[in-house]
């Protein structure tokens, strides 16, 4: 079992979910997060004071995957994110990584291991 | 060292914490997250427009555990979540999994490894 | 590749980021989370009713690191957090841990593995 | 019709008085909407804000319908059931004869039958009097709404409010303001310390008792959701009260101005007393915004029955006494006995019930006979109101006590009966799984709607094999009827 | 100048009427700011709240400049272009001769040239009349702002509002209120069901059609952002309407009070009707706060053209009929045909357009001749307004229909032309990448600014090798010009 | 007492004027609560919103107590310390003799001793005058509250406000409005450009300097927390200002209406000028909501000293000039020298201080003698106010300058002394660890309380070995005293 984690932009959640669903694994966890960024600062101005956010709001997507699917799922997510990154004109805030999972339980059914995804 | 992660419903946080405390490991991290769900859609209506949330708000609970406790802790959390799932009338949004942790530092004491939980 | 995760107090984010940047790895993900705490309760009072929060708001910092850097990065973060903990007068809510990462993709460049940090 | 002429009749009409009456009424209306609606909307838990506000908007509307079709005449019309009770000068009976306030006749000179000759004729039309009295009738149920939020069935609310306004409010109003029994006895209530606040406090407490407490979980987590809106509502309440008390002499005369000044003096005093007691005596020894707002409300309520009867010195005394009394009740009584058992969610019985009673009784002590004098026309001599400290006579205090007890008794009894009887036909209380969720389960709305809600759910689209991007908007529309149930369960599982 | 004396002239002046006129005008002003600004600000998506509110504040200001420099005279001055159209008694032409309202002459007695002799002389100064009419002129573009939010270019808004107020509002106002053609024909509009609401509904619909819909993504995710502020705005609207309709007899007379009462009765009825229809007939079978607010607005709008002409019974009928009609339009029409194609974001065409038209026509049926009677001076006999059900004559209904159609036609035509012509010079619609972001891209502001924003960005500091702790605050200041572009892109990448 | 009769005296009383005075006063009161309270509450960081609003509510109350017990007479009573300063016609001394405003005597005809014979007798009672002047006295400290938020000790605030109102406000008011020195010299301030705004700007700046800046961290992260509430407060300010300036002729006459119109014209102009300058000249070249609100406030403040003296043309000029001046000061001065050192948190010195001074001086240029004319009774001839452009004489400009400098000097000096002296006894500034936290440390309240707060902490329950589900609610209550300290530390560790 693997846990595939990706940092994507909010706009890309729907494409990502469609891609995952198409891939046949609709399940995922979405967590709001922010990442340090060199190139995607946001400027806001209140009463003429310029304030900067150099943490960019992103979403962290976690997907539990069977060992054999993990790499492909990562590739799927990377592709979605890349599309975004390009459109966004160079984005330094997105990434995908895979961590090992020793055991998983699908509560609803009680199945364990890969079956539990 | 292991990291036991569980996706539970907000209402189940207190039971979960009591269970963990009873188990003798009160420490945990709680993160708001949402999971894709087929069966737990939420419908909201504003000015006659029907809007749907097919991401269900859940909590992600992370607990650092000693290798030997991990499986039991996972079982504890699964039981709590399951109770919920059943009461909620079939819930597809909850799950528990375990990932390996290579090293942990308890800052307050500086201990490393299992002791640091 | 490793993923270094730390639980720190909001005030310590800037020091932590400066430390990381100084260490040469500016990239990180920041997620709002809360941790159970025995010693850092917060009391609020509304219309004479005393309400308590025994979950303390903290930040979870995740940093992807090359295998060889992981331990040092963990140490760096632990030091920052410790400083806080001390100033805060004993804090039971902070910790740092390392989990293995099997593969990482830097979307912007497409690099894989360590290079992708 | 003579009264329909533009601009207005040359006799029995004073544009200045009419202007003030309409203005004052509008300020009072603003106290309900948005005032109380957002004060309460901000004070309740996030999960109950929408329900609370909708209860406020709907009650305001329901009371107006009642007031128009029969209520106004029951409160201010000709006496109806009198049990032969006849009291010197006036004071006939306990309720007025129901009748509608429709028709162009409302443009005629204002007139409260039983007060003819006891006060100078009104300088404005009946519509103005009708509307001014309506905003008072309307705010009363909104006040005790604070006691029942967080568990009362919305349907039951829609049924009970009209009944309560008819059977409780009209009677209390008639007895004291309409020239009924207690008016005849000489009891006074300048602008509703009894008729509105004492009655609301009593009704709220009884209603809360009958309904039972909120969910244990809600009582344990009863944090407000937005103090900025609490401040918005509170500010509107304070200044709106200038109309509440300033409008009640029915003339834009010196007493109206005096009433406005007293209202503000008493309120400022009460706010500061509560703030200082929080500072020095509360467990945490900290001044709080919501505490100060409590003190403010106590001051406003206390001065209400006395505003035009006491002088500035009296206003200060009322503020100090009442704020201290209610503060003690709030801290010492609330956690004990029945006061802890009965879940009066926002504490209406303290800030309105006890405060209103205090004010009403203190009139019997502090009323300054030099403040207001009614030039009796029609035979009767002119009279004024004097309290013990000025006249040395206990009479006023005694009738004030009598009127207060009558209001408490009648209101408690009828509120209890109304809830019990209605309870036979509709559930008064929402089922627990709905309480778990709150607004979403009751109204399918949240006070701060999540921005990611969409008309085109992904998984549905995926299942349907369509890319949401292109499906027409109607689809979502028509999706509704298909899953009314899910909305319920879905919601309650998301609370 | 005689009129400059303190206190005021001894003849042709009544402090009571002046007081009411200024008070009523202030209540109407509050309906715009903050009323509509926050109602709309809370109803739109979070990403559009700032833009919506700034459009409201700026339009209010722009209209006043127009009104001062030429607009008021175009609406209420001497007739200008008349095509020789001369109508018995009055009714000359379609628009007034432009002129400024500056100068101390404004302190003279108020006066609408074409109405001299048709109504009693005003009891207050021209400034008071000017201001009272201004708040009506100002709220109109704010109303149809609800149709165009979420995609209209702010610059285009700043240009179009003055043009629209000049070419559309002034003309509609003159024709019906200023003594123009339809006034001469006997058409009436008590306080703006046609001139303000029907016109706003029409303009909003046309404008939305010309602009095109919001982003598909925004239409699919159009959840409001804050229902507490919606309630705040809604409450201010309701009570502010007491000034809206109560001020329009121009005298604090019985009819003003009657208009206030009717306004509230019709509104309460309409709110309850909508609430009950939601309860029984809506797909989800649930009463909703935003639905009730819709009903409330429908009631307020419907009674506006009729407030002082109908009696209480009429007010109830108007509320029931209009609320039911608009509810059906909202649920059945909106998802269909052109009504689905045209993205009237907040549904102004229903709650203002259709409701205003209903009210205007129903005057032709329900106007009670006993409600208001203008004592004709200057030769002409006194007259009053009677609807079919009272007079048995169709005349009123017919002229009401004629006036309504004229307003629709003129407003639609001119709005279309104004948008098209201005569109030749400036982009009417924001580019899509800006729409993706909303407020941040247009104004660099968010409605709920994140609290972690800082003047000393870490990475910059790191890059610059300085510890942010010690760099002077100015640095951040001067950072602005260096990256105006980034702000844009940065923002749009963060929406 | 003759004045106690209902309705009101037959001579020296005009219901219309009384109605307007009370209404105007209520609008001004609404500007403070909720207006300024929520405008500032929304403008400050989230962590300071509660503290800011409680400072507003408490100051409003404190000023009323002062005003009642001695303040009013010091501002508008008989002269006290005169240094034999006697000025032709009137103008005696610098402050009034302290005295209470309690007692039924307040119902007598209003009267400002030194103005007798200089203006027509008032048409309402002393209570009305007292209350109208109170709302002005009350708003002044609330204005400069904007300079000291985010670090001032709440206890110090409670002590300083009464002192400041007594020693600064009363004196400024007496000198210019009460018939004191500058009144005698012919300086005018229609409704407080000097007495209120210039004084507030000066006091705020001095206070901020004495207190020292906020935490570096807070200055760097000073983002507002809620622009919807800013808009709510701003809207109430604008329209409330109709009472602010419209009430100051003391009669509902033509000049009152003219003042209202000028107020709105100047405000609209100033708002648009600021918006356009942001658009064209600001670094980001974007129009902003908060910028426009700044412009709006500048306009309101600028016209305040001039509202009834200038004509429409003058109102436009004042708006353009003042808005441009303050915009430049805001952008160019603020980041420099002492203006950057002194942390005037919300920029009160610009939008109130500089704007008020501009307005006061421009009266000397633009006052139109035809706008207002005081019919002198009691021997003195009638007079009016004329500026350089109308009379060609410099006199008015010079006395305006003199009065302005006096207000600046006296206010700055006394504010400095008050803070320094009080600082000897109580800490003026909160300790840094409290500043880190804000509201939670000072009041144990948050503006948006987290909904998961509970009365039954898990770990405690676990430790205590009890299941929270069943323990009685009181437990939590009594938990408070046990850990007052923790609340502090706990809080400050959670900021």
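Chains here go by letter, A, B, C, D, E and F, matching the order in which they are written, and residues are numbered from 1 within each.
Following the convention adopted for this analysis, a contact is a pair of C-beta atoms (placed from the backbone, for glycine too) under 8 Å apart; a residue touches a chain by one contact, two chains touch by 3 or more.
The model shown is predicted, which means the values in this text are computed figures rather than measured ones.
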Target chain E, source chain A, minimum contact steps: 1
Fraction-based call for chain F against chain E, same above half, different below: different
Selected pair, out of A-E, B-D or A-F, that shares over half of its residue contact pairs with C-D: A-F
Inter-centroid spacing, chain E versus chain B (mean Cα positions, whole Å): 51
Chain centre separation (chain D, chain F; CA means) in Å: 31
Where chain B touches two or more other chains, by residue: 17, 26, 31-32, 36, 38, 43-46, 49-51, 55, 91, 99-100
Contacts with two or more other chains, residues of chain D listed in rising order: 14-17, 19-20, 23, 221, 223-224, 226, 232, 283-284, 286, 288, 290, 444-446, 449-450, 452-455, 458-459, 468, 476-477, 480, 487
Of chain F, residues touching chain E in the complex: 14-17, 19-20, 23, 27, 45-47, 119-120, 123, 216, 219-221, 223-228, 231-236, 238-239, 242-243, 246, 249-258, 260-261, 264-265, 267-269, 271-272, 275, 283-290, 292-293, 296, 311-313, 316, 335, 340, 368, 370-375, 382, 384
Residues of chain E touching chain B in the complex: 43, 221-224, 282-284, 286, 288, 290-291, 294, 330-331, 334, 347
Complex contacts: residues of chain B adjacent to chain E: 43-51
For the chain A and chain E complex, residues of the former touching the latter: 9-11, 36-38, 40-46, 49-57, 88-89, 91
In the complex, chain C residues that touch chain B: 2, 7, 31-36, 38, 55, 58, 60, 70-71, 74, 78, 81-82, 85, 90-92, 94-100
